[in-house]
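Which chain is which? They are A, B, C and D, in the order written, and residues in each are numbered from 1.
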């Protein structure tokens, strides 16, 4: 009973309206191969809940796949300071945005991962993040309990009884339908190894009901199990395995390849209007039949120049600045 | 400003009445060298708060160092099924015991590590662990807020407002004065690497106000930093470093040495009475000036036969069973 | 496949316990196991009825493929060829998240509702004996889908009511009030199941989930219903006895003595 | 040691920002830094006034010794020779535990109490511009002991009140009611400090912790108090001006351009 699938097969498991989360951090190790395919399959009404977002999220939003976005940050880092598509859709009123802080989003995911309905925190007291006037899911009538994935409250403010330290914030758990993760290595049965920073991958994977893992390479379980301390996730938490080298492009991947900054900047610059987005997508998403064709379009030498040095774990030779 | 100290110097940092926690799990990777020295220095009124206990805890209790013990388990595993000293002291009424479940103790430590006064859980509903008649610190008048380390309540029972999933248990944070940890490797500045299972070490170290790390070996920081994913704790969370090979004996240590079962069984059998304990301590604690003398008394060949095979990470040749 | 059963006298009581417990595992399940007989049971199950079962140890190893039997869940042997070696926060978190299908547990005393005591005999504040304590027993037993208890059959251990309710059965105390209610009522939406079998040296017991009461399911070869009744101090429901417990096969005994516990640690 | 200061014209405004921010670090401190100028500041501090400071990046690396400047806190370069490479739960947990002494932050708008907006311009539900969002700004700013903001000095950015209070200053909203109270009152026992400096292209500002109000501390060489006042849209307290901001030294500039950002990523 192999868990192996192709990118299109894996994408077909995601239903319109699903709550989705992702591996990675801002513009690092995002499951782009599957993100492109979700756009190609024209998914609708997705509910993204992310510890933080980035190029992948802004792309799904630009493509009109997203109805609700709950997170704390979106942008392209050095390569485009806004989530240009989110900015446009929000100004148009065609997307619902619910703001939490970064740590609050992490704790929401951790609560999901740990099977409790909420976690307490001191983070972000005093801010408009807690302003009930800005509870956009409530204003949209989505906190009535009819959707079991949407909690009845954005927050609760609760007094500490144990040490009398004051009022804490309870943030509700997130339990996405699907987590889509891009990682460096997965075993044939599903043991996951992530190199470098783990970001919030463990929490995102454990919080989700279904887990799709796209890996640079599928390796023998026995190999990963020689050092079980280095592995993040056991096989039974992984439902689908896809082998897709370079599957995180244009985002970066520790030990594998650099961020493709020019690609990202081009995306940002061209997609500030919907017409621009559509033209960009016609070229890079709908204009190629699949991810292999996308990589071929990028070309060998462009990718080769992004490859990580195996000692440094990043590319140390490409020109990045002005000197 | 070196953090290096001797075992006696490190032990002298612990004050009578301090709340203490430890690295390890049952009879694995306990900081025994320092535990022996605490007994030798005749510490009094210690308040042990442990995710789980074992030989080290029962030894401190037998020596009369402990006033309060909060945990979920004590024993010597296969080598003595009870915490014989705890059993005796509790029957005598000379120790206060507060029972939580294992996961509750872990969450208490995690709450301390994460800087929140409590965490919620579904664990152990329906049991006498939640029985207010069995809140022994309250019965002893210790939950009046006068000791800032002791929470005002053993538990709180709280309704979930977000998903209406029912009543959760809030368990209070633990913030020990000191965590004493035995690990395999520490860098000169304090970066900690633990091999194999981490148990609850990360939580115990992060929850404590002061951290004493005893290591099999002190190694160059640069060496540990070649693979930062494998390290558990950064230097600034470590206050004191002691190099003490075999410092976990008679408990076992992944990658280093086996549990010394016969030693442990002998301890268990001989210390079921106070007279027995005192005689045992006269031989193994007060009868040797320091840990080096203790190891010398055990002898080279006894220790050598416990040494781990470097591929297996445990000793694969000593006779363990009847075949 | 014809089963080549061993006859009474060809196996010891612990062999039967391990075999009966192993048969509770369904293939592909995630199983929490403790030290001793539970380890034998899950390791045997992986070699017989449930080759794709995953074994999780409380100290923080997942799906180890030990080549030498661990003598404790903290043992370095647990990590050998494991999928993950982490710590308690990982494995207990997965348990709370609902990822554990089955767990093996033990106890000093049990009552007719499956409530177990591993804490004290006698008055809690002034006990006659202090046991090791709860460990993860109540955590696992309140959050796994099914639990199997392995116990010694004695009248004083099978009681109308236990001295201290360490681990929750099918009728429990609801706090803060402490009133006795069904497990289903106490756990509400977070009810996932509960104790599904108690396996002793004499018999296998199961539970009526609506009344919460323990009943006799099968009696081990060499014992009678009457023997069992005489070793239980409450009024045991024997109306549903299905017959004899299936004895170990020679194949299972071979695996136990020559593969699972080849060193003779738990099966001397 | 005599300091060999650079003259106006020998350095750019970002050089001064990085240098001024670096000087806020005390040796041995644990510092949270974000992408860009904050990275330059902590890396410069480690090479000058605070050789034993520890740098923590939000994505999960601690005390890296990068040989190539990271272009993002998620960058693989952050992990080079780090003490620990873990994830957000580790580093935010340490922050909440009170282990972070100082953090560098930024913002699009700031008010006279140091409240910062990085979320929207205009009405929250129908904004004129949507910024990237809070990120960790409010987490760090509510739980670190001191924070230093690095911002662009413009009248429209230094406002009487920000459009959205993303990150808490010295007078904040207390929920659930939303009344304005002092930070000390809002945070109670968990008050640990707060914004200690705002460094812009024109000046350094600090806060009166009792009134919560921002005041002008020093003015950068080449600017006047009047210049600063003209680029602030609230009534700025200039009564405590200490004089000119200490300019960069040639040594600091050398480190910035030839060691810290040798590739010219943030300092072209």
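To be clear about the criterion, contacts are C-beta pairs under 8 Å (C-beta built on N, C-alpha and C of every residue); 3 or more make two chains touch, one makes a residue touch a chain.
Since the model is a prediction, treat every value here as computed from it, not as a measurement.
Identification of common neighbours of chain B and chain D yields A.
Between chain A and chain C, the centres computed from C-alpha atoms are 40 Å apart. Distance between chain A and chain D, defined via averaged C-alpha coordinates, is recorded as 27 Å. Within chain B, residues 115-116, 121-122, 164-165, 196, 198, 229 each touch two or more of the remaining chains.
The residues of chain C that reach two or more other chains are 61, 79, 85-86, 96, 143, listed in rising order. The touch graph of these protein chains has some other shape, matching none of line, ring, star or complete. In this structure, the chains touch in the following pairs: A-B, A-C, A-D, B-C, B-D.
Across the interface of their complex, chain C is touched by residues 113-116, 187, 189, 191, 206, 221-222, 224-226, 228-229, 231-237 of chain A.
Touching chain A in their complex are the following residues of chain D: 35, 58-61, 67-68, 71-80, 85-89, 92, 95-96, 119, 124-139, 142-143, 164-168, 172-176, 178, 183, 186-190, 261-266, 268. Taken together, the chain D residues at the contact with chain B in this complex read 28, 30, 54, 61-65, 79, 81-86, 93-94, 96-99, 143.
Contact residues on chain A toward chain B in their complex (touch as defined above): 115-122, 145, 148, 151-153, 156, 160-165, 168, 170, 172-173, 195-196, 198, 229-230. Within the complex formed with chain D, the residues of chain A that make contact are 24-28, 51-52, 71-75, 77-78, 81-83, 86-87, 90-91, 93, 97, 99-104, 106, 110, 121-134, 136, 139, 155, 157, 164-167, 196-203, 252, 254-255, 259, 308, 312-314, 316, 319-323.
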